Amino acid sequence: MISLSDNALAARVARDIPDGSYVNLGIGKPTHVSAFLPEGREVIYHSENGILGVGPTPPAGQEDVELIDASKRFVTAVPGAAYFEHADSFAMMRGGHIDIAVLGAYQVAENGDLANWATLDEKYPPAVGGAMDLVVGVPTILVMMRHVNRDGSPKLLRRCTFPLTGLGVVSRIYTDLAVLDVTPEGFRLVELTPGNSLSEVQALTGAPILHPMPT
Amino acid sequence: MISLSDNALAARVARDIPDGSYVNLGIGKPTHVSAFLPEGREVIYHSENGILGVGPTPPAGQEDVELIDASKRFVTAVPGAAYFEHADSFAMMRGGHIDIAVLGAYQVAENGDLANWATLDEKYPPAVGGAMDLVVGVPTILVMMRHVNRDGSPKLLRRCTFPLTGLGVVSRIYTDLAVLDVTPEGFRLVELTPGNSLSEVQALTGAPILHPMPT
Amino acid sequence: MDKRLPDLAAAVAPITDGAVVMIGGFGSSGIPFGLIAALLEQGASGLTVISNNAGAGETGIATLLKAGRVAKVICSYPRTPGSIWFERRFEAGEIALEVVPQGTLAERIRAAGAGLGGFFTPTGYGTLLAQGKETRIIDGVGHVLEAPLRADFALLRAERADRWGNLSFHATARNFNPVMAMAARHAVAEVRQLSDEPLDPEQVVTPGIFVQAVVEYGVRP
Amino acid sequence: MDKRLPDLAAAVAPITDGAVVMIGGFGSSGIPFGLIAALLEQGASGLTVISNNAGAGETGIATLLKAGRVAKVICSYPRTPGSIWFERRFEAGEIALEVVPQGTLAERIRAAGAGLGGFFTPTGYGTLLAQGKETRIIDGVGHVLEAPLRADFALLRAERADRWGNLSFHATARNFNPVMAMAARHAVAEVRQLSDEPLDPEQVVTPGIFVQAVVEYGVRP
């Protein structure tokens, strides 16, 4: 099995972000997508803590401690950026103004249900952040994750077992092994990481993968 | 009967506006109150079209056509002023942040009901503006009006006959003839315009006026 | 990304018959007079206009009413002194009217822009304007349930814009323009000055994400 | 009218045991570290803290949790890396926790500040966080009814203030500070710089009407 590196996966997602999009990158690995945007595209990154136009990490020593993204990383602001307060920021998310969100996930179900905020560990305090607002408002939700858990168990399932973030919200899933669309019929293969076979990937997936689209 | 002039009435209302208040002056005659504020008091005037810190009329020729108040008069901005949009402006009103509003009225009832936006003339299009938001949010609603209609009929009533702006919202009424408080028992005399008697004013009022407070 | 358009006609070209159009402004300030004139020229009719006022004299929204382009007005205060064209159309039964308390109008527009399904407000409880609406007592106070109000287009007036569509405003010309930008599928702003430089991100009032096109119209009425 | 106070201690003096206190900030930006330190010193306990996070390391809200001053936390994300004091108090059952989706948290705070009785939002519909709440299908989409969230006090961080309490902010330090100013009975802001001159009225982000006191705390963390 060929498993994409985190950087290669971020680059694969970046390829699908159209020029001129408003994009929210979820905390963690999705924040790396912007570093791999193909040349010639202008994409405006939104961070829910109050900035449109998130730019790259500043050089060491030039950080502004009050200019951070939702992952609490130091960032910069690109030309054309704007700052705003939280209610306005979430109006952008909930109100359908952001085009694309890229999120991590614990589990995705074949009906598009997403679980990415809580496990079943009751001792661990729940922490939801802004994910529930993103998934109800952003029309295209891309999930970016490892195909399986560390113990090899599938994260792509018929139904989620962890508490849901949103119902039927995921459009497409990018994993280290394959790219899958969520369709009314279930998961449909978009592409395999070169070198992998559908049967290999199916064996690591907890729900049927439909035949790829004819190409 | 002694009837205060509009200016004298505005000055009488102004006397009761405490230093440091945030005040909204309704369209029409209430806008004149600010001209009569006693020396030494700093009051911040709010206009619902998006300004805190409304200042006096500008000198002729120095008007800014995009700096107006809710009566659509040209105004100025005092030091410490702020501009904002409509949803924020009405958050100030509805959310209880403004201390006092001074409004005109068609009718006020002894239970504090206010009618100041529509008559019973069905051919005349209704126009409500911001009065309904003011009366639900501002803790002290002062009404400033003539004591009677042009035909001599009372505007202070047991119950309003015109469509209501708000229920039980009026604190005090300033007319050309008297000042009355709305109390749980009904209208109570605060003061008579010097020269008038309670019986004269009672005869022009459509509800009982309770004995004045002992002085 | 460059949202700047060459002229007012291009800005109003997408507006079709029967469209729901929000128009910024309060009294005479913050009204997109250039865009309204272009819309009159363009010819779309059967419009629903959402605005605070309904035009005065022979200017602004009154020109659309005079020309018979408006089927319905949703506003708080149609009776600005000199609103003769609104009054004529209203008296003749030629236009529908929905009167909304001004703060509820702003908040319904914001709710649409913010993706909310509605809200309870104390404004208007117990009055004619609450008739037929769901009500509820919350913490002892009567409230009315109000629905979000969205539009196909918004015509806005701003002071400055950059190519990303970021807007700043001048004095009380701000009024309904920022919330209307949020609530329309396609928001267009005429601005006194298009800026070649980006606006200062601290001073942007309406972020460009809410604005689909900007066009310069240098006149300040 | 002069809302400037001489020191942080004066700013937190009115806070009593059992008070509901909103605290601005997101991650490490926009947190009123000076006011929090003064509140720790002042000694009020049994507090309900409303904030996006629950402190990290040994700073900010974590210092209040460590000292046992907090009875309840209402937040969206208590699990910032290094939130050891929140985790200890939570595991020991010593504090109550209400987790609210971040946008719903901001909107509930705004609703309180704007005098609304509640709102329907699609956020959280069908999830654990909607359990026990009223729901409704609006235009085919599931919504949850959320209530306004108000406070006795708000502790805010801003960049500049004038004597009228007008505030401006720096970069992403804005976050929850403006809505919290609206929703508290008594809002206090520590600012990097108190200005002798009034702020430019076009550049005021939080108008002074929402702010009861301002105090200078020049450190930018």
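Per-chain residue numbering starts at 1, and chain names A, B, C and D are given in the order in which the chains are listed.
One rule holds for everything that comes next: a residue touches a chain if its C-beta (ideal position, glycine included) is under 8 Å from a C-beta of that chain, and two chains touch if they have at least 3 such contacts.
Just so we're clear, the structure is a prediction, and the values are computed from it rather than from any experiment.
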Shared interface partners, meaning chains that touch chain B and chain D: C
Path length in the contact graph (chain A to chain B, fewest steps): 2
Between the pairs A-C and A-D, the one where more C-beta pairs touch: A-D
Separation of mean Cα positions, chain C and chain A [Å, integer]: 35
Whole-Å separation of chain centres (CA-atom averages), chain B against chain C: 28
Centre distance in Å when chain C and chain D are each reduced to the mean of their C-alpha atoms: 33
Contacts with two or more other chains, residues of chain C listed in rising order: 107, 110, 114-116, 121-122, 169-171, 201-202
Contacts with two or more other chains, residues of chain B listed in rising order: 51, 77, 83-84, 87, 90, 93-94, 136-137
Touching pairs - complete list by chain label: A-C, A-D, B-C, B-D, C-D
Residue ranges of chain D in contact with chain C within the complex: 107, 111, 114-122, 136, 138-139, 141, 143, 168-171, 202-203
Residues of chain D defined as touching chain B within the complex: 1, 110, 112-116, 162-164, 166, 182, 198-199, 201-202, 204, 207-210
Footprint of chain C on chain A - complex, ascending: 19-20, 22, 42, 44, 46, 51-53, 77, 79-84, 87-88, 90-98, 136-137
Interfacial residue positions of chain C with respect to chain B in the complex: 26-30, 52, 76-80, 86-87, 90-91, 97, 99-104, 106-107, 109-110, 121-129, 142, 169-179, 205, 220-221
Chain A - residues contacting chain D, complex: 47-51, 64-70, 72, 77, 83-87, 89-90, 93-94, 118, 123-133, 136-137, 163-167
